[in-house]
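Working notes, structure below.
Per-chain residue numbering starts at 1, and chain names A, B, C, D and E are given in the order in which the chains are listed.
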Amino acid sequence: MNADYLELDDVRVTFDGFKAVDGVTMTVLQGDLRFLIGPNGAGKTTLVDAVTGLAPATGSIRFGRDELVGRKVHRIARLGIGRTFQTSSVFEQLTVLQNLDIAAGAGRGPLTMLRARLGVPPAVEAALETIGLAGQRDQLAGVLAHGQKRWLEIGMLLVQDARVLLLDEPVAGMSADERIRTGELLQRVGAERTVIVVEHDMDFMRSFATSVTVLHAGKVLSEGTVAEVQADPRVQEVYLGPGSKVQA
Amino acid sequence: MLELQDIHVGYGRTTVVHGATIEVPTNGVAAVMGHNGAGKTTLLRAAVGLLKPSSGRIVFDGEDITRLKPHERVRRGLAYVPQGQQCFPQLTAEENLRLVAETKGGKPVGEALELFPALRPVLSRRAGLLSGGQRQQLAIARAMLTGPRLLILDEPTEGIQPSVVTEIENTVQDLAATGLAVLLVEQHIGFALATAGRYYVLAAGHVTASGHGGAEAIDSVRTAMTI
Amino acid sequence: GSRVDDTAGGTASASSCVDTSGASVKVGFLNSLSGTMAISEKTVHDALQLGAEQINAAGGVLGKKLTVVSEDGASEPTVFAEKATKLISSDCTAAVFGGWTSSSRKAMLPVFEGANALLFYPVQYEGLEASPNIFYTGATTNQQIVPALDYLKEKGIKSIFLVGSDYVFPRTANKIIQAYAKANGIEVKGEEYAPLGHTDFATIVNKVKAAGASAVFNTLNGDSNVAFFKEYRNAGLTASAMPVVSVSIAEEEVSGVGVDNLVGQLTAWNYYQTIDSPANKAFTTAFKAKYGEKRVTSDPMEAAYTSLFLWKAMVEKANSFQPNDVKKAAGGVSYDAPEGKVTVDGENHHIAKTALIGKVGTDGLIHTEWSSGKPIEPDPFLKGYDWGKGLSS
Amino acid sequence: MRYWRLAGFVALALALLVLAPAVLSDFRLSLLGRFVCYAIVAVGIGLAWGRGGMLTLGQGVFFGLGAYVMAMHLKLSDAGPTGVPDFMRLYGSGTVPGWWEPFRSPVVTILGIVLIPALVAFGLGLAVFRRRVRGAYFAILSQALAAAFAILLIGQQTTTGGTNGLNGFRSFFRFNLFDPVNKRMLFYIAAGVLLAMLVIVWQLYRSRYGELLVAVRDQEERVRFLGYDPANVKIVAYVVAAVMAGIAGALFVPIVGIISPAAIGVVPSIAFVIGVAIGGRSTLLGPALGAIVVAWAQTSLSESFPSFWSYFQGALFVLVVAFLPNGLSALASLRRRTA
Amino acid sequence: MEALTGQLFAGLSLGSVLLLAALGLALTFGQMGVINMAHGEFMMAGAYTAFVVQNVIGDAGVSLVVSIPVAFLIGGMLGLLLEATLIHRMYNRPLDTLLVTWGVSLILQQLARDVFGAPNVDVRAPSWLSGSVDLGFTQVPAARLFILVLSVAAVTALALVLVKTALGRRIRAVVQNRDLAETMGISTRATDRLTFFIGSGLAGIAGVAITLLGSTGPTLGTSYIVDAFLVVVAGGIGQIKGTVIAAFGLGLLQATFEYSTTASIAKVAVFAVIVVFLQIRPQGIFSVRTRSLA
């Protein structure tokens, strides 16, 4: 077995008795561009939090042979699980290049760390090209536009050599053409990775998703292709709303 | 109702908006569109007074409010829903609303719940624990409680589930229909143009296109934005 | 540079740079004018200024007017050491007057010994020290603590409780008190220390109350006294039922602690403002004339003032400002001080002083209750007492 | 930018190693030696606070550890191979406690000066940073640590000298401390150490670690998701700062001739930070220069106006931190930018 | 037994002093994030207020009662001044407020020294507070009982204001997101000032109370500031409840340690306990979780 996959089995997250994630079981394969959708408050972000170690979960989350539940955040990251946040977070006081270089470096030994960065590591160079920020490499990340920050975050995941990419609303606030560029970027980098995208933009989902999981009240409501999911009346009821039938 | 006249504004030494002039007609809706980083939010922040323009004038209802503090502008009938689902995280959802209900001219909390019934079940939860979409609804509800005559919305549908987006769109249109003036920043061009009587396209801090709204304007906006 | 082995003892005897060619000679005053000790040391500084003025008005020392160089010790031993170095090697003063806390003295001691310069130290202290380069004009233990214990014993006190600040003077004093008590059949019911600046004495006073001694021996310093005495009174303890003997509360401190809280309590010193003698009358009159009617005089102030005149007498006897000559001439020099006649001991550089037990009056002044009657010879190592043998190993 | 730094560094080196010894009297030079010790502490604080965002108000603890280790050694070596330091005979049992004995050895002493502060900082860092105690919490905790350490020392009169501390040293590794030539030598050592520390910190700033430290300062949680443990990143800076403080303390002892709790408690610990804030917390040379200038101003101003100094110090601090958050070195870089 | 109940009360009493000292900080530090090192000097100002009022009024009993509101005003005004001149430009860099206010505290101490003189001044306790009160099972000093009652009253009032009133909501909202509060029609400047006024005013009251127990001098504040901050830290930022528990917890702890060892060791031990405690609850007794990364 050489392809990666992420396997969730009966994952639960409870806050003071409130079940934010309530027994989610799903499997995402490498090369899949899995969209995770669902009403506001359905538990999508919480699920991403659970996978990355930020929220305390029970059940099992396995990546390859490694069990993720119970591990610390940075240990999970080192296993190759990377994520972005619903609100973008980059190191604003550092340049684009420095942001990427740090993301690339979790495995570096002490001696490398204590030396100055001499050249640009090839992975970082490649990522700069991929995310189209080669021209802004020496700008402070803090002055980038919103969309550029989001790309930078994806770039950081790439150089981090994340095998699993968990993206929480990556195109929120982007203009239409930026969305398309982002989607294409995801398709390119997703080929040999396992990608989960949380989104509310249905056009975006229709254009780029290979499969969709719908979450509702902490549970999986529906799973399948875009068409299958859109046709599911329960999904229309709780998520897409009336009138969505026409589009589907 | 609101006129932004030749506004220059930015952060510290960097100017982001270079002389934008925008007008929201009384009882009308104006939409501002543009790429990420074009300066839309910056312009709105200047309009509500969170940023000081380095030059230019802001006129609301015939009064020059350029020097007023944000809360003074709010008391004159201007309300603002910032980008990014902002809230008071340690206060409960209900407290978030009551806070505004209690200020001078504030409306009772119940009115907000009529607009956004989805908030009812989470009223006692701390706002910081709500999901993104819940927070966004809370934010619009809160702004409505200030009893505005002009509502400024910065990407109100960002991060909202489709059915609620439709609701919000409908709500905004309904509100506009009742005579509330709206200044809307949106990426959903379709929605923006359907709602707005006037549109402006902002690019790199300059107004590069403007005109009357309506579905027929979509193409010209698309072209203006791809340049 | 030189290795320790090169010079025999390790101390270089730098020759003094004191300049006596002009019409004036420099002396250094080194007191804390800032920091926590400024409260106390400023008063000593004032007394020294008065002394210097009077000496200059009377023609100076060996015909030379005194030029005072004042330095701030800032309540920090390190600063004392540093400023002492400056006064000696940069300003070339003929002698330095000052220091209050034992830590400041301990910090300056090697500096004065290293440079073979002279320090006049004006405060009662814990004894067990006799530097050839320091003159101690405050009391050593056998001139203050031992007489206080004698007094208590004479009054029939059978048990005491020891309360002190946590530093060298109280700890050493209490060690001495323990030895004395053991030898004299007095029971020590408890020994408690509070960090300097400690402000909550509920627990300590609880312990005092529970122990039920017949008197308290108080070596607390500074602000802690206020808190201690307020708590003492709040707890319903009184001077008549369980008197407190204090050795660090002088006239200056009484008003700060609150006269109400102190009335009837005892102190042990060698000088009180209320001493009725021509020398004291002259001193207090001059002091009040210079600094105002409201100011009071106290033991350390008087000891500092006196130290200046003792130095003058030594210099005149030696007919030289050189430290070595002054030291040689010191033995037997005496002065009619406000506290009475004092005489320098040439061996240990302390002075013979009369011990006084006083009681705080409603006027806020301290009135003599008991006097040793004559100057007590200084015995910093308590060699003259059988029970003091084990104290300095 | 880089050339300015180099030029500044060379100027500082020349001023310390050539100019100062040539123009200053022995007394002033030894004063400057003391300031240089403060500057060494400041360089460490610049790293931990300026770059790492850890406002450590307890550097007095590490300064004190280094200083006491050195002072214990000097006391023991003055006392002779089996001798007992004078104050122990006066106030204590007259015997040397077991935990003093190792410091008779110069090698143990030098190791102790580096390792003890390092270990204490490591342990504390582990306890604190692992539990994500930071910001104001950390600042206040570190301040309380300084208070507790000073109280602890004061309470141990018979073994640490209590409030008196340790002093009256005659020799330094067998060099006579009363010999002016040796005192000058001490100054050169301190100056050399300061320059060496600056080089070390300079390298850290340029390194990838330096970038990571800034990242942790600004977005600690985010760094976790990249696979780093931010606690480790912080601990490194904290330990380096502690070691610098320890070395500074050790040099302080022979130069000043005394170490006591008054030099390491809450107030001196904050004072260490003042110089850093005034010089410019996140610059390379700012903290060191700031520390020297503030200490120099304190000494010379308080000579003439003891009470005025409090106002001056307070006002300087208020004005610089409130209105020039990047310290006085911001003025210098401002001029460069406009030039 | 007498000693035990005595100690219990000593601990509660120390706790109430700590609580009074820390209560204002719970507001300015806990709610606003300002690390006001001059808080101790505001207490000092309160204590000197008691002194001045006593010199004017004479009768110690009346003057104590008058001093409390006056000291609240004086402390509050000082806080207001500090907020308006310095703090308000520093809400985005809370750690720096620590340094700035430390400078302010130096200045205020020296000012006190120059105005009132370096020696301590005497504030007399009213006759109705001297001596002890018999609680049936134990005798307790009246002055300490008074402080206990005062601190409980102060904390109750503050908690009510914060939780129940519009002002309280406003205070909390401004702290959490000032831009947002401003655009919701709340004057953040006015709210900041009011909050700081109340917090600093509480310091003034604490100062008056402390004159019943200890010295009134320029360094009064320095003896309380570190402990007061520890209380807020151990109690958890933003939580009045936590502050109360931490204050009494530390008071009892200190009294217990002090009784069985010495005051010095007790102080060190209490510190050690706090460090250990923060291992278990790093954000204090009552920590508030949020989902943000910051």
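Here is the rule we go by: a contact is a pair of C-beta atoms (placed from the backbone, for glycine too) under 8 Å apart; a residue touches a chain by one contact, two chains touch by 3 or more.
Owing to the predicted nature of the structure, the values given are computational and were not obtained by experimental measurement.
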Topological distance between subunit B and subunit C, in contact steps: 2
Shared chain contacts [subunit C and subunit E, defined touch]: D
Longest centre-to-centre distance from subunit A, chain (CA-based): C
Reference subunit B; chain at largest CA-centroid distance: C
Rounded Å distance, subunit A centre to subunit B centre (Cα mean): 29
Interchain centroid distance [CA atoms averaged], subunit B/subunit E, Å: 42
Length of the line joining the C-alpha centres of subunit A and subunit C, rounded to whole Å: 75
Distance between chain centroids, defined by C-alpha means - subunit B, subunit D (Å): 53
Residues within subunit A bordering two or more other chains: 45, 85, 89
For subunit C, residues contacting two or more additional chains: 166, 193, 195
Residue list for subunit D, restricted to those that touch at least two other chains: 151, 154-155, 219, 222, 307, 310
Subunit D - residues contacting subunit C, complex: 25-28, 30-31, 34, 78, 89-91, 94, 151, 154-155, 157, 162-165, 167-171, 174-176, 178-179, 181-182, 184-185, 256-258, 260, 262-263, 299, 302-303, 306-307, 309-310
Complex contact set, residues of subunit E against subunit B: 166, 169-170, 172-173, 176-177, 179-189, 238, 288-292
For the subunit B and subunit E complex, residues of the former touching the latter: 48-50, 69-71, 74-75, 79-80, 82, 86-91, 95-96, 98-100, 102-106, 126, 128-129, 142-143, 146
Interfacial residue positions of subunit C with respect to subunit D in the complex: 1-7, 10-12, 14, 33-34, 71-72, 74-78, 81-82, 85-86, 89-90, 101-103, 106-107, 109-111, 114, 128-129, 166-168, 171-172, 175, 193, 195-196, 392-393
Subunit E contact footprint on subunit C (complex, rising order): 36, 38-39, 42, 166, 192-195, 197-200, 202-204, 206-207, 209-210, 223, 225-227, 230-231, 233-236, 252-253, 255-260
